[in-house]
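Right, one structure below, let's go through it.
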Amino acid sequence: MPQPDHVTALDIEDRDNLDERRQKYLRILQEKLGFVPNVIRAYSFDNTKLATFADFFSELMGGDSGLSSLEREMIAVVVSSINRCYYCLVSHGAEVRVQSGNPELGELLAINYRAAELSTRHRAMLDFAAKVTEAPHRIEEADRQSLRVAGFSDSDIWDIGAVASFFNMTNRMASAVDMMPNKEYHAQGR
Amino acid sequence: MPQPDHVTALDIEDRDNLDERRQKYLRILQEKLGFVPNVIRAYSFDNTKLATFADFFSELMGGDSGLSSLEREMIAVVVSSINRCYYCLVSHGAEVRVQSGNPELGELLAINYRAAELSTRHRAMLDFAAKVTEAPHRIEEADRQSLRVAGFSDSDIWDIGAVASFFNMTNRMASAVDMMPNKEYHAQGR
Amino acid sequence: MPQPDHVTALDIEDRDNLDERRQKYLRILQEKLGFVPNVIRAYSFDNTKLATFADFFSELMGGDSGLSSLEREMIAVVVSSINRCYYCLVSHGAEVRVQSGNPELGELLAINYRAAELSTRHRAMLDFAAKVTEAPHRIEEADRQSLRVAGFSDSDIWDIGAVASFFNMTNRMASAVDMMPNKEYHAQGR
Amino acid sequence: MPQPDHVTALDIEDRDNLDERRQKYLRILQEKLGFVPNVIRAYSFDNTKLATFADFFSELMGGDSGLSSLEREMIAVVVSSINRCYYCLVSHGAEVRVQSGNPELGELLAINYRAAELSTRHRAMLDFAAKVTEAPHRIEEADRQSLRVAGFSDSDIWDIGAVASFFNMTNRMASAVDMMPNKEYHAQGR
Amino acid sequence: MPQPDHVTALDIEDRDNLDERRQKYLRILQEKLGFVPNVIRAYSFDNTKLATFADFFSELMGGDSGLSSLEREMIAVVVSSINRCYYCLVSHGAEVRVQSGNPELGELLAINYRAAELSTRHRAMLDFAAKVTEAPHRIEEADRQSLRVAGFSDSDIWDIGAVASFFNMTNRMASAVDMMPNKEYHAQGR
Amino acid sequence: MPQPDHVTALDIEDRDNLDERRQKYLRILQEKLGFVPNVIRAYSFDNTKLATFADFFSELMGGDSGLSSLEREMIAVVVSSINRCYYCLVSHGAEVRVQSGNPELGELLAINYRAAELSTRHRAMLDFAAKVTEAPHRIEEADRQSLRVAGFSDSDIWDIGAVASFFNMTNRMASAVDMMPNKEYHAQGR
């Protein structure tokens, strides 16, 4: 059993303060996915922490955007690959496989997106996400301009930056607390 | 005038949809600080983006925690130093100087926290934040244990990880969109 | 179709000189696996190149050793993860899943072996393989001694070094020529 | 008091051998600046060490050159930023603020010169200084040619290289002995 | 005596199973070179390990190729320089000096090939070998195309990739077991 | 002719202002060594630049010190190895071979000092020099304490730091101007 049998490595007392809206949110996830994602279980020890994280996440990955849901998941996987985050690659890798119906795409992005045959749009998007991850202080106007040339609006650039930045947060949080993914993800979309 | 004269390098149309609660939030910031921080102005083109970001930020930096407000700002500065983020070092560097009343502390953390004389508690806290930033995939139980030995609870470890991870997000977002800090920060707490 | 539709990106004329022994080797692979691994197809343009590569590979991964076959595959995956080699992670990741019967183990080693719960023996073995990959000039007697303490003989240390070194070769060769894995690997052992 | 209360971390007996010329040099610094810079105090334990260092420094930063004094200080700050040298960023950061009358310029160069709006000349100069610092073995004729295109003579290129190289020395010496800056620098030019 | 007085740091029992062909191979090396290279002595504890290694090596460095023998040795030295491999730089550095009759060339490649005046062909060949060594996952079609533009065939590209990859293996194996070069190499070709 | 046929890549007009003391210095070098080292020829376009550099260099490498001349040259070579400086490795590598009478020592330090059998004193000295070169901002009191434990005085620590720092300057200056070593060095001490 090489995957540790915990949600996180921390032993934090549950504050037992989830309000009705959050309790409903957990029930809906359970019904829709068949399980509550461990990242949500991890934040559930406190109502405000869960609420602010889940709302921020939902807007980012599910809100209106010039980026499709799959595109946002692709960025998630490439950033998580660079940061070698087990939780995020397992869970968002599954999401890419399921949404794209293409297991190869999930593996290529999880291992090395440069080996994939991608549209100009997707290559530009992922190159920007990779640079934001690896060397943010070297981002300059020319990098944003490359995205515009590939057809992205300035609002899209905001969203690419926001999604790439967000997974640089969650990758690190998952590593900081040793968050383990739900085992259901492994077989999804294979 | 070496600092670019913009809030961000992006030209995004204002969606003009701030609700009453967010409008009040902006007025309070203006009254309390004398200006609206540019990060807040940057997110203000859309009500949901502003709301979810501001709520997440407020809980993290202002919510109940075993970490003092100054300690959270210290983590912010050390992470931003590693990522060389102009916006965050100028704004949170000011916060450290003001809250600590110690301009040297702000400079030491902004340049190289290893050169500072710090308590065992603060050194352990900043070493963990630095490792979360530089090599999250190398974090192991021994790193968390070092925090426990320095007196931190598992709930505190969550908060250290969360604050360090958050600034790895905002540093990258600021670089992605070339966010510029309000000029008022430069002279604060000197 | 994000995976390029070629064995390698090079256009090399087949020298059409495979001897009987090598032709039989290809037939056996086809019968046993249901396909000829693309690495073998790639080398098949010349008899001597195929012969010397296949013999070297067979001794290393299949010869007598204090390391089990699965252990050698585990090293292969960890090295290929560090080098982000698409070909080798897809093919040897499948091998780890199949030999171990544990899909999680394959994913953990492919993403970040430090997140796995491993025996002392396996952790020492993989730490050595990782250092051989990332910073070979920093290997010192203390590194070899750690393997001895974990129960490995000097002959085993040779084999750990040899397998780790070999995949540092094949990872690079696969990247140099853009070698693509057989698609059959993706679903194996899930 | 986070800044250590010493000039350096070393306890070296004063050789008490300063000649008249060096004693006068210290008096002039005290009169002109109001204090003797700690780097000079650090070298003062021996006359020859102080003399050769001070003469080398004076020629480099004060001698005839196609580079203005401010330009040489800008290089000093960018190199010291890359090397994260507390002593040099505090002292030469102050110098940039004072000579330029622009506190923002000091902060931008100390944090990330790529975020500043710079003339073509200054950007080329600082890019060369950064590469000399980060990857000197990758400097090639094309790098020198970029400086010529930006209007620098070969004598200027010598000086840019010499100033950038010098601070790669002093940054390291300051770190090696834990040299602390005079506290007067912090408030200068704010 | 700063060079350790062993062939490798491992104590492996000789299996005493060299067949006639390998015994002859050792005698020929002794006669031709005046000594048996330590890498061959190291592998000689087992017949199959020696046979498969020596055959693979002979094909690679001595087989038919669009690359001259000296060119293959040049790649060996540049790769070994990046990996800081004492064994390989001493032995293949000697080979470059002897084959080229140019001691400067050996030193330039061993220290920093970018400082050498090279033909367009050799510069392209060594740039590819360096990238294969330092960042194989960043190799893309453009890198292969640069070799074609410099006059290399796709078969040559295979060979450049194969030689560069091979020395990434042997460099690491030499470091893993602390292999020491024969002292005769030091004076060769000076 | 792979070594460029120039002293440096810069074309700087000779200011023709060498005073008698410097002219004599050049004559003595010519007589004593049989040639004027190119670094001295490079600085000779201006009297003050030559004088301040040569005086600083002479004190550092030839002045009274608890470090022997050979020890200072050993530091020079290890620092220059890390920075891959062709000029300094050729010239100071020769110096180590000549002063030690041991060509292996020169090669070991030029390639990878960790592969050498060194006294505790020399290993500690070179580890400190390497860290000063690679990560000066990570030097802490524990690093200086390791030197004291190995028998060095605080004055010796100053000198180790000063020599290591100096070659971080000259390595970069040599690379910035493409300084080429005198060819006489190659054969010295072999």
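Chains here go by letter, A, B, C, D, E and F, matching the order in which they are written, and residues are numbered from 1 within each.
In the analysis below, contacts are C-beta pairs under 8 Å (C-beta built on N, C-alpha and C of every residue); 3 or more make two chains touch, one makes a residue touch a chain.
Please read these numbers as outputs of a predicted model, since none were measured by experiment.
**Q** Based on mean C-alpha positions, I'd like to know which chain lies farthest from subunit F.
**A** A
**Q** For subunit D, which other chain has the most distant CA centre?
**A** So the chain farthest away from subunit D turns out to be C.
**Q** To bring subunit D onto subunit E by a C-alpha fit, how many degrees must it turn, rounded to the nearest 5?
**A** Rotation angle between the two copies comes out at 120 degrees.
**Q** Centroid from C-alpha atoms only, then distance subunit C to subunit E, rounded to Å. What do you get?
**A** 21
**Q** Starting from the mean Cα coordinates of subunit A and subunit F, work out the distance between those two points in Å.
**A** 50
**Q** Counting only Cα atoms for the centres, state how far subunit B is from subunit C in Å.
**A** Here subunit B and subunit C have centroids separated by 43 Å.
**Q** Can you list the subunit F residues in contact with two or more other chains?
**A** 84-85, 112, 115, 137, 178, in rising order.
**Q** Which pairs of chains touch each other in this structure?
**A** Result for touching pairs of chains: A-B, A-C, A-D, A-E, B-C, B-D, B-F, C-E, C-F, D-E, D-F, E-F.
**Q** Under the touch definition given earlier, write down the residues of subunit F that touch subunit B in their complex.
**A** It is residues 137-138, 140 of subunit F that touch subunit B.
**Q** Taking the touch rule as given, give the residues of subunit C at its contact with subunit A in the complex, in rising order.
**A** Touching subunit A from subunit C are residues 1-4, 81, 84-86, 89-90, 102-105, 107-108, 110-112, 115-118, 178, 183, 186-187, 190.
**Q** State the interface residues of subunit F toward subunit C in the complex, per the touch definition above.
**A** For subunit F paired with subunit C, touching residues are 112, 114-115.
**Q** Within their complex, state which residues of subunit D touch subunit F.
**A** Touch residues, subunit D against subunit F: 9-13, 48-49, 51-53, 55-56, 58-60, 63, 83-85, 128, 132-133, 136-137, 139, 141, 144, 154-155, 157-158, 160-162, 164-166, 168-173, 175-178.
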